[in-house]
Every structure is written in C-alpha cells, then in structure tokens.
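Just below is one structure, and these are the notes that go with it.
So that you can tell them apart, the chains are marked A, B, C and D in the order they are listed, and the count of residues begins at 1 in each.
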Amino acid sequence: MTTTPKPHWRPHPTRRLILRGAASVALLGLGNLPFAAAPARAAANDKYPEEAFRQKSEADAIKALYGKTAEPSDKVKLDAPEIAENGGVVPISVTTTLEKVSSISFFVAENPSALAASYRIPDGTIPAVANRLKMARTTKLTAIVEADGKLYSATKEVKVTVGGCGG
Amino acid sequence: MKRSLGLAMLLALSLAPSARAANEADYKAAYAAAEAASKEAAGMRNQWTVTLSALAAAKKAADGGDFDRAVAAAREAEALAKASIFQASSEKEAWKAMEIR
Amino acid sequence: MASSIRVRATSSGDITEVQALIQHPMDTGLVKDSKGELIPAHFIRQLKFECNGKDVFVADWGTAVSKDPYVKFSFKGAKKGDELKISWTDNKGGSDTTIAKIA
Amino acid sequence: MKVRIHLLLGSLGAALVAFALAAPRVTAADKVDPVADAKAFQNFFFQKFPNVKHEDFVNGPYSMNEDMKRQWQEKEEFPPYEFALDAGKEMLSTPFKNGKTYADCFPNGGIGIRQNYPYFDSGEGKVVTLELALNRCREANGEAPYSYVKDEMASLTAYMAYTSRGKPMDIKIPDDPRALAAYENGKRYFYTRRGQMNFSCASCHVQSPGERIRAETLAPALGILNAMPIYRSEWSGMGTTSRRFVTCNSQTRAVPLEPQSDEYRDVEYFLSYVANGLPISGPGARP
C-alpha cells in the first residue's frame, strides 16, 4: 500500500486531521494508564545489546549482536540514497521476502561505532523497516535480516559530504 | 575576468615578505593600516570574514611576541580589506551585467 | 506538555501501518557546543510498540539514529480502534509513553 | 576537497564569463519597471527549465533533482517541522501578559496572510517583513522580541506559512518612489558580488540552479522564499529567512549584516515580488 506522493504545495487536510486525532487521543490516553511502571517481566527479556553497540568495526558488531556471519542475499531489498541529501538525516529502508524473520539491523561501516539500529520483529509483524540514520562520511551501509536463525545481508554505498561553497 | 585578475594581483603584491625581523613598531604600523582599511570596508557594508580572522591572527601573534607573523597577518588583512573595497566599488555598476532582463 | 511522540497508525485490511516521529536531541556525545565543550551523549536506547498486550515492534537504537527520530513499520493482527502503546527510554533515564488508537 | 573547490570556482568563473557575454544588451535608460522585471525573471527560469512545472519551482532543489525529490517526499510524509508547526500554532493563540494576542496585530488573526508579506509601509517608508511585524507586535504589547534566527520566530512563521499553503504569492509595490527604490535596492543586493568567493546570490541561484555545490543541489532563485521558513537537516533545526540570508553571506566569506537590516528587507521584497503568482509552500524541509 504505497501512498502516491501528492503535489507538495496543496495542503494535506486528511493528514492534519489524522494527526490531530492521534495527538488528542494520545493526550487522552496518558491520563488513565492502567498500570504505573512497565511490568518488570517484560523488561527482563528485552536485553539492550550493549556490547554490540560499543563495537567499533562492523564485523565485531555483527559477531557481538548475532554471533554468526551473514551472507549477501538478493531477497533483502535495501533502499538508500546514492548521494545523501545530508549526513545527519539519511532516509533508509529495507524490505525482504524471507520468511520467519526475527530481527533486522543496520550497520554504517564508517561511523564511530558500526551498529546504528537493531529491530526485533515478533511474528505477525511485516519484515520491513524505514528510518533515518546519521552517517559520518561516505560509507558502506549494510542491512542484515535474521530469518529462521540464518543471517542475510544487503549492502549499498552512500556518498556523504558537506554542503555549501566555503564559509 | 579582467576584474578578478585585478583582485589576484592586488593580493599577491602586498604579500611580499619584509627582509629584517619585524618589531613591535612595525606591527603597530601594519596593524593600524589594516584596521583602517577594514573600517572602510565595513563602512561600505562589504567586509570579508577572512579580513577579520586575519586581523585577529595578527593580534594573537603580536600578543605572543611573534612580530614577524603578526606583521605578515596584518599585511594580509590589509590586502583582503582593500580587495573587498575594490569589489564593493566595482560592483556599484558591474551588477547590472548579470541582471535578468 | 504535549507528548514527545507523534504517531499515526492506519489500518487497511489486516495490515496496520505505523509511523512515529519522536522529539529527542539524539546527541552522540562526540559533538562540541559553541563554547567548545563536548555535548554529553543523550539518545533513545529503546523504543517499544505494544498492541493488545503483545510487543509488535522493539527498536534498540545507538547514537547513529537521526535527531527527532522517525520510524515506519507494519504489523498484522490488529484492527481499527485497537490501542497501540508506544514507549521509549533513553540513556539518561528519561522516558515517555503514549497510547494511540488505530485509525 | 581543496582541489574540488578550486575546480568548482573555476567552472563557476567560466560559467560567469559565458553568461556575461550572452547577457542581452544593457538597455539605455534604466527605468525601474518591476512588472517587466518579474515577467523577464520568471520567463528566464521557465525557458531554462522547460520541463519543470511552474508551481514546482517553489520546491527549490527538489524541482531540480529527481533522486533528492524522492528523499524529500519520503520525509514529507512525517516532516521534521511537525514540532515547529504545533509550537507555532500554540504560540499564535497564546495571549501576551497584557491579555492581547498576535491576532490583534494581524489581519484575520494571522491566518492565511503570509502571501502578502513583505509589504511596503508608506508610513515608515520602508519594507516590513513578517518576522519584523511579529517582533513589533510583541514589543507593542510589552513582550521581549524573539531572535530572528532562532526557533521561536521560525515556529511562528512556520505555522503562519502553513495556513497560507497553496495561496499565490501576492506582493504589492505601491505607486511610491520610496517603494520603487526599496525594490531596486533589493534587486541590486541580489546581483551584487560579495565575499572573498566573489559570488552574488545570482551566481548560484540564477546561473547554476540544479548544479551541485558539494553535497547540495542549488535551488532556482524563482520562488526561493516561498517555502520559508525551512527545516534544514544541515542545521538539524528550523531556519527563518533571516538565518538563511546570514548563513548564505558567511558561505561566500562576507560578513553578514544585522538580521532585518534594510538590505535584507529589500532583497526579500524583490525576491518575493518576482515570485508573485507562485504558491506558498512553507514551511519547507531542505537538505
């Protein structure tokens, strides 16, 4: 279900209404939180991959996060700009036709630490993610999908440089 | 093209290194000249950022006692300020050439 | 104070598409401020989406996620009117949560 | 990197020479004729980019480059200026300490009027921009003025621009010699070279729109202010027209003037006037 891009300058009445609806509901929802603290049980098994985020290189980060290596696969569709509009906000998305996907992660090789983001995909959730990442400089970008215990990857190069003429 | 050649020559001319080691008096003179040119450029509302940084570099070098570098920086500041004055006065008419008609 | 989470969940058929934009500086800890001092790292570590009592999406984020982060995903098994609970926690112990109805 | 900049300057220099030679003969008596200027200005861009739809020019670099347009439309689904919009909406209706609000200073409560700014104030004999009018309204009601280059002013103007989205720019030049002079002063500023880079606004936005200046694609000058204020990824924040003028100056290594000084007000007047008829598309999101 792809939304056809509406010509930009026409106002988006529908988008505003939905947003306003969501925002007002959001405020409403805050009031009657059924339970104060999130249940400890749920927090226990959501271990934040501390070690993996600390690794500098991509290989170490993948090993720390998954403990195995990935093999490139054309079933992983990685969409990223050829030249980033701006290194601070690079829209990146990945989709895959693989089955039984449990996790999707993004690695930016040239960043201070390679692992940028990692998503857990419970069953019932479509194996696809779009997000905006920072890239320090022109770099290889790798998306890894964990499906049925095996790792599949796709890689793309994104050119990143500063803008402007001097200053 | 003729105009930017003028700018380049002006810049090159003024950067000639002076022979003997500079002292505080040389620095004060060079800095005063640079500051005057910079004020004139500001008066024409066409100051360059590099002029101000060169002036600051000159003052910093002088505070550190390195008068050779201070004089060189002050001379560069003066040249830059003069170039911006040249630019402002020549542009008074030159802008029309680029106007879309 | 309005919630820091803007969310839009629209369902068509069995698939619910979720887009979220969160107001957060996402400082990496490697950037200097105008006075030359390092701005300490301040970023969202985990963002969780729950629907009908079940986690539908969990994001573990590092410092490479953009400022005012945005994320989009879809999931099955929910219908119009269900409630989607979104909550995040950051490395300074900050957090926020909100509940949105699926449109 | 250094080499590339010199290469770039060289190529731009060559482009300038080519343009200077190709520029049509300078007409003898330079009578100021804004109507003819606007027609010539718009035709220049319509002919230079025949397959860009006229109203698309207001989308700046995105009208020039397909790949960047795709990145932008993706972001527009949930644009980064959402927070500024909501903050601006709240600020516009929040009363000052004396109980009055912005609605008391602006026609129609400030809603859907952005396309008429800047306007020429015959009383003052000068151009008044939206940002200036907002701060004057604050000061008239005993409130401290906002900085012209910070978020509050950007949020306010963002929401006011949003309420005018799609409305054609509608700038008037009254039959007043001072108005014509302000328009001409703005035009002169736009075409005057400055800074050590020796660039004018036109060097980039008239001669090289669509071309790259390192990572950025240059926006055409036509409609360049229609999207103001803009959220710039480079600033990772909102930017007002004032902030854009100040940063453009320092890019060419020219020391910027004070925000809202006469030259900036006049160049905004000129650029908005020649974009008359093109839709307001603010707030915008830019690289």
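The working rule: a residue touches a chain if its C-beta (ideal position, glycine included) is under 8 Å from a C-beta of that chain, and two chains touch if they have at least 3 such contacts.
None of these values were measured; they are calculated from a predicted model.
The chains that touch both subunit A and subunit B are D.
Here C-D and B-D are compared, and the pair linked by more C-beta contacts is B-D.
Centres computed as Cα averages put subunit B at a distance of 31 Å from subunit D. Annotation: 52 Å between the Cα-based centres of subunit B and subunit C. Computed from the mean C-alpha positions, the centre of subunit A lies at a distance of 34 Å from the centre of subunit D. Counting partner chains per residue, subunit C shows two or more touched chains at residues 2, 6, 8, 66-67, 70, 72. Among all residues of subunit B, those that touch two or more other chains are 49.
Counting partner chains per residue, subunit D has residues 75, 77, 80, 82, 86, 196, 236, 250, 253 touching two or more of them. Pairs of chains that satisfy the touch definition comprise A-C, A-D, B-D, C-D.
Residues 5, 8, 55, 58-59, 62, 67-68, 71-77, 80, 82, 86, 162, 165-166, 196-197, 199, 204, 213-216, 232-234, 236, 250-253, 279-281, 287 of subunit D are the ones that touch subunit A when the two sit in their complex. Of all residues in subunit C, only 2, 6, 8, 19, 21, 23, 66-68, 70, 72 touch subunit D in the complex they form. On subunit A, the positions that touch subunit D within their shared complex are 3, 5, 7-11, 19, 23, 81-89, 91, 130, 132, 160-167.
Within the complex, the subunit A residues that touch subunit C are 1, 18-19, 21-23, 25-27, 29-30, 33, 38, 42, 46, 48-49, 53, 88-90, 93, 108, 111-113, 115-122, 124-126, 128-135.
Residues of subunit C touching subunit A in their complex: 2-3, 5-10, 12, 15, 17, 28, 30, 45-46, 48, 54-67, 69-77, 83, 87, 97-101, 103.
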